[in-house]
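Please go over the structures that come below.
Two complexes, one shared chain (chain A), two partners (chain B, chain C).
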Partner chain A sequence: MATTTVLTTESPDRWKYLNNILTRRGPYSDETFEPGDEPKAFLADLKIFGAGGLGCEILKNLALSGFKDIHVIDMDTIDISNLNRQFLFREADVGKSKAEVAAAFVMKRVRGVKITPFNCAIQDKDDEYYKQFKIVVCGLDSVEARRWINATLVNLVGEETLIPLIDGGTEGFKGQARVILPTISCCYECTLDMLTPRAAVPLCTLASIPRQPAHCIEWASVIQWPKEKGDLKIDMDDPEHVTWLYTKALGRAKEFNIPGVTYAMTQGVIKNIIPAIASTNAIVAASCCSEALKIATTASPYLDNYMMYTGDESVYTYTFQHEKKDDCPVCGNLPQALTVDPESTLEELMEKLQERPETTLKKPSLRTSAKSLYLQAPKQLEEQTRPNLEKQLKELMEEGDELSISDPGMPFNLRFIISFSS
Partner chain B sequence: MSVPGAPTAKEKKYDRQLRLWGAGGQEALETAHILLINATAAGSETLKNLVLPGVGQFTIVDQAVVTDEDLGTNFFLDDSSIGLSRAQKACELLCELNPEVQGHFIKDTIENIVKSSPEKLKDFTTVIATGDVCTDTLLSLDAILYPLGIPIFVVKCVGFTMSCRLALAEHPIVETHPASTVDLRLFNPFPELSALVDEKTAFINDQEKMTTHEHGHLPYVLILLQTLNEWKSTHDNQPPSNYSQKNEFKSLLRSKMWNADEENFEEAIAAVLPHFNPPSIPSETRAIFQDEKCTSLTKESTQFWVIARAIKEFSEKNDGLLPLPGALPDMKAESKDYIRLQNIYKSKARADLAAVVGIVRDLLKGLGRDGGEIAESEVETFCKHAGYAKLIRGRSLNEEYEKSPKAQVISNELSDPTSLIHYYLGLRAYEAFISEQSNAQRTAPGAEDSTVDADTEKLKKHVTELLDKLSITYSSELLEGTEKAIGEIVRAGGGELHNISSLTGGVVAQEVIKVITKQYIPMNNTVLFDGISSRTTVYQL
Partner chain C sequence: MLKIWSMKQQQQAASAASGKKKVTAAQLRVQKDLGELSLPSTMKTHFPDPDDILNFTLTIEPDEGMYKGGAFNFDFTINQNFPHEPPKVLCKQKIYHPNIDLEGKVCLNILREDWKPVLNLNAVIVGLQYLFLEPNASDPLNKEAAEDLKTNRDNFKRNVRSSMGGGYVKNISYDKVTK
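Let's turn to the complex of A and B:
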């Protein structure tokens, strides 16, 4: 058996199976792979970062892949509905920080691993912080957070720095894992158009012609709540708030003879709940961490660059190379084309943009190279530009103008070349 | 605080999965008892993914004691476990995951159980074999369980490679969870629907008698049906059949718009391609109707077959139509008009259901059984999914290995060096390598650096023996892919890599859940995964 000194602060046998892969060349191994102590040493020294709803699985997998220095960020606290899949948490942990509980558990179970937890948002850390990692593995649950970490790692690319981003996500029996080499292969932003556009229900349907139980629930949360509760924000996790919305929605449904409003559906609609199970999380997180191990050690070729897993009808995977986009606002350098109706107002344009995944932003500010069209902040500029919202686009811009959209949540600008629809 | 309809503590905990398989699926899971053979990393990870969603019970059979190597791959063992029973320690740490699950362990080998107390196996809902189990034992297990209808999963996980073989005798699925069960009956509207079309669309072309608001809120289903009537009157009473006719039909729809932003007409135009299909019974449903178990019911026929037969008879009496599922998609409309239309579809679905229930009762009585033994809710679920039901008839391990091997499936793939069939052959060779050793001191191929070359040759020999046995001809370059697969398998030295074991645990648990809940469609019957190229393939072997 191959002897090791680096990986094994414990017994020499502990990492025997992992060492088999690291000390022996495989038929598919890259020519540059040097089996032996070097990949093991590299693995032990490498700082790796994990985050997101797949965090429990990711931490376990990285620790049992031989990584020794792991950071984890999670701003969430443990909720009862996490327990069906986030296996490091128990009922007694409900309310505690996910990052801290998970880190403590894995360090106790897997000897020799150091996990540094942070109970904050990934956006709370700056470039200097992310620069220290060799690999970032994310199983984040929002598009916004994914776009942020992706853009941050692309921006960090320099002579010395290229941090691969390994990203995974799940929904029900389906999931995907992907490897992003910033500026070299297709990034998260390049593939945003793969997301299905949000099917937004028109406000007039909610207000006057509801037909579905979901319409009644959205009416309760979008129209009735602000009307009756004023500035109080809805807390999706407060059972009193959910019950209030459920009761209102039920009343609305009764008025219009609409069947099917339930408490579970109320929660599902207002929280945009995505079904999630342990097995799918396991598949996707393991796929991501396996790629991290392969990249860190070069023991075998890594995924280039996308795998989709579908388990609801037999087992089906689609593994393919997604193409990098020249006009990607994050990793490309060309603006995209955007056709607008010159007769529509700036406000209508902003509503339209919200329907497209790549332009769904929380607080977008819009500029052309000539002038500011609408700025969300500071207050004076917001007030100054607000009248533009009512104006028709033809008053504000010309064909061929470059429209630039920024958002405080995004470390990059979206750039568009405007053309008018006839 | 108690609100009617508010979730119970258990519903809160399982909320994210109940949205996938509902209370019925959960109930099936909670009454299941899983047998895991060997607490390998892949086996323990599989159980983890079943304990978390609340499987009723599990039992681990394993005679091994925990070694240091186990700790490098299996998260459900810790430092204090070393030297103790692997079945017991894994059972304990897995039970921590969910207090509602009962875990048991047996410190023994599956070989002994198969030989000395096979009757113990009959109490399990599903059996999962992992780790090094020799061929004879697998085939004995199969001979006991397959005839009883107890599904067996045989899972192999070596290095970057895994395979999972499911031996599932007969598996009917009603709740396949199709994307949509909508059937608008556009080509064969029932009388109540036609009456509503006449009532609501009489003035569709008359701006004097219909307001712009009314015109812009006509439900698109009614627009389509009215326009179809118009079309048929000039086309020999035939609906548009080919692509160009459908486009012509779309233009006709467009010509009826009063202004450019009538969303309901846009919805109608968008619905032409997906919904303009002549009614037919899907092939999977037809296969169920033609199955002998459907055509000749017996006193022992299961609920599935009795209801299937009733639906078959229903469709024979109703021009080949299946019972209406009754679902209606959302569409631009006034609330009251939409609800009225929805109720028309629902009433028709209820009437169809009542007819099928009647046939079910008669069938049961004819068989000398209690007419009420099948609940109406079961018939209703079947009626809603009649066009989406599926029957899987799997193959036993004995069929694959001895009685009727699928040599053609293998030989078809052999010349493709990227095919995952090479890993299948490599893992079969691995199994043969293990099986020819005595139980006590088995070693895996490539366990020591010094045996790598000799073991590689042995695996190659096992592959060629298998191909010869299956009468598959091959040339040396045909086996290039297989040699590489063997290279990877020997490289791992019989060891599991945690990530691949964890992924395997996820794949297998998904399949187990699908089989137990009888929801969604399990794979049939072998899935291979290659962790190097990150690909899977399913073969029917």
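Let's turn to the complex of A and C:
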């Protein structure tokens, strides 16, 4: 029974180093920081959310930093190739949900932590779900997912909800960590222009003068596949599809005397696989999680707001403040409440908007997420949407719909959340 | 916990409202791009579903150059990653053009390797129009057509005319694009 006793008793030394930080004031502690038991108790009570490819590292770090109520989302299942760096998984776990296996492992290893796993896409959860968290930590693997979580958290700002987003990402030996305080500091969308676009080869190079093995593979997928398979989508997890592409690419490589096309390379090129290096993931995830700890406790100043880690040319890190973009489509102008009379027509609404100084516009176009209400250009769309001007608003929209107004003279769209007057 | 809310209040009063059905960032941007389109009389759009602004057809009817008299249709497909990713553009007809292949794929730098999020739909449309005024033999997708243009411009012009009428060029039949 001795082992059971050890498992249920908290060793006094267990949080020794965390206690050193949380029970004493440091020279850089925030003025609101009150050392003692409170910050730790707060940590334990704080709901935090993690997701994505850096998941193993993030989950482990959060649990070992004293966070006790953690949610994790990951839509992937465990693949044999993950085992070299995703250390919470074993060979027997291949095929199982990453979120579930990771949660079970960490809960078993770190006593007293509660992890709630979801095997789904982050987009499957709604605002109500995300509202419950105090901090969101993400290590996502795509621009699309990052834009989504960023827009979601920015849109949640209001009624004393303001959830910091801590985002990490790696690419080979390079990585970055950033802290986004929605609407206060620069958001993900503000810096979208800075992303390096995926290096693309001109279509005509693929079609006529391939020089590299990757050109042959891209030719097979971009030009030959649609030509021979029509609308059928390429499924890169289907070995038949990959073999087809590989064979085609190989044939073309022979024709042009280009060596080096392999099956693995075919997968790599088409899936745009970015090499993941365990140590880079560890560095970036550690940075993200210490930001979570600092924001949660105010024990030390947090990252404001971007840290890049360059490990590919010797090693270098640089921290700087990305600027918030005033005309950012996501955080530049938050949707405001707008009450309209459901019986009035769209044309009457547009006249009403003209009376408000902030919506006095030259040539406004109006849309909801599902409907083109009235678009003034191009001409054909104007003709198609003109009949809506006569319609009553209750026919065109519902309460809670977002109304987006654009105008050629305005750098961004105005957004309103519709409610009906009774 | 960091007192973020008081930081917010110091900065500005927040009065954001939150709704059920949000307009996505891609939709916001396309709506803005469309509002800024000023199409000349040689171009018109067609939206099969006017509520779906991410999918439409553009018709170009060049009023000068070798392709004068034709009406060329392009499908625009824009995904939620716009403007991080360029719109997908496909020519709907089988035409004889050095920079457009027989499946309708278009070799235009800003549709692929030179796309940037600061570019907009207007830039793409201007680029497409330019392809009909100045077909470019050095970036061939249809190699035969490019070769013809390079070696014998008059012959190329004749081929363009007969292809546009629905005729054959070197045993390949093309779609009729003249009205």
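In the analysis below, the second predicted complex is superposed on the first by the 302 of 422 C-alpha atoms of A that agree within 3 Å, B and C clash if a C-alpha of one lies under 4 Å from a C-alpha of the other, contacts with A are read in each partner's own complex, and residues count from 1 in each chain.
Basically, a contact is a pair of C-beta atoms (placed from the backbone, for glycine too) under 8 Å apart; a residue touches a chain by one contact, two chains touch by 3 or more.
What you see is a predicted model; the values in this text were computed from it and never measured.
Visitor: Between chain B (first) and chain C (second), which, if any, makes contact with A:Thr319: first, second, both or neither?
Guide: first
Visitor: A:Thr262 in the overlay: touching chain B, chain C, both, or neither? Say first, second, both or neither.
Guide: After superposing on A, A:Thr262 lies in contact with chain B but is clear of chain C.
Visitor: Applying the touch criterion given at the start, work out whether A:Val137 contacts chain B, chain C, both or neither, answering first, second, both or neither.
Guide: A:Val137 contacts neither chain B nor chain C.
Visitor: Applying the touch criterion given at the start, work out whether A:Lys371 contacts chain B, chain C, both or neither, answering first, second, both or neither.
Guide: So A:Lys371 only meets chain C here.
Visitor: Regarding the shared-chain residue A:Met307, is it in contact with chain B (first), chain C (second), both, or neither?
Guide: Only chain B; A:Met307 stays clear of chain C.
Visitor: Which of the two partners, first being chain B and second being chain C, lies in contact with A:Pro27: first, second, both, or neither?
Guide: A:Pro27 sits against chain B, while chain C stays out of touch.
Visitor: Is A:Cys56 in contact with chain B, with chain C, with both, or with neither (first, second, both, neither)?
Guide: In the superposition, A:Cys56 touches no partner, neither chain B nor chain C.
Visitor: For A:Tyr17, select first, second, both or neither according to whether it touches chain B, chain C, the two together, or no partner.
Guide: Only chain B is touched by A:Tyr17; chain C is not.
Visitor: Identify the residues of chain A that lie in both the chain B contact region and the chain C contact region.
Guide: Looking at chain A, the two contact sets are disjoint.
Visitor: State the interface residues of chain A toward chain C in the complex, per the touch definition above.
Guide: Of all residues in chain A, those touching chain C are 30, 32, 42, 46, 127, 134, 143-144, 147, 151, 155-158, 160, 162, 164, 181, 183-184, 189, 192-193, 195, 197, 199-204, 207-208, 222-223, 226-227, 295-298, 302, 329-330, 334-337, 363, 365, 367-372, 375-381, 384-385, 398, 400-402, 404, 406-408, 412-413, 415-418.
Visitor: If you look only at chain C, which of its residues touch chain A in the complex?
Guide: Against chain A, the touching part of chain C is residues 1-5, 7-8, 11, 14-25, 27-29, 31-32, 34-39, 44-47, 50-51, 53, 80-81, 83-84, 99, 101, 103, 105-107, 109, 112-113, 115-118, 139-141, 143.
Visitor: Report the residues of chain B in contact with chain A in the complex, numbered from low to high.
Guide: 1, 3, 5-7, 9, 11-20, 45, 48-49, 52-54, 67-69, 71-73, 75, 78-79, 96-99, 159-160, 176-177, 217, 330-336, 338-339, 446, 448-449, 452, 483-484, 487-488, 491-493, 495-503, 505-507, 509-511, 513-514, 520-524, 527, 531-536, 538
Visitor: Provide the residue numbers of chain A that touch chain B in the complex, in ascending order.
Guide: 1-2, 10-11, 13-18, 20-21, 23-28, 57, 60-61, 64-65, 80-81, 83-85, 87, 90-91, 109-111, 172-173, 177, 205, 209-212, 239-240, 243, 246-247, 256-258, 262-264, 267-268, 273-287, 289-291, 293-294, 300-301, 303, 307, 309, 311-317, 319
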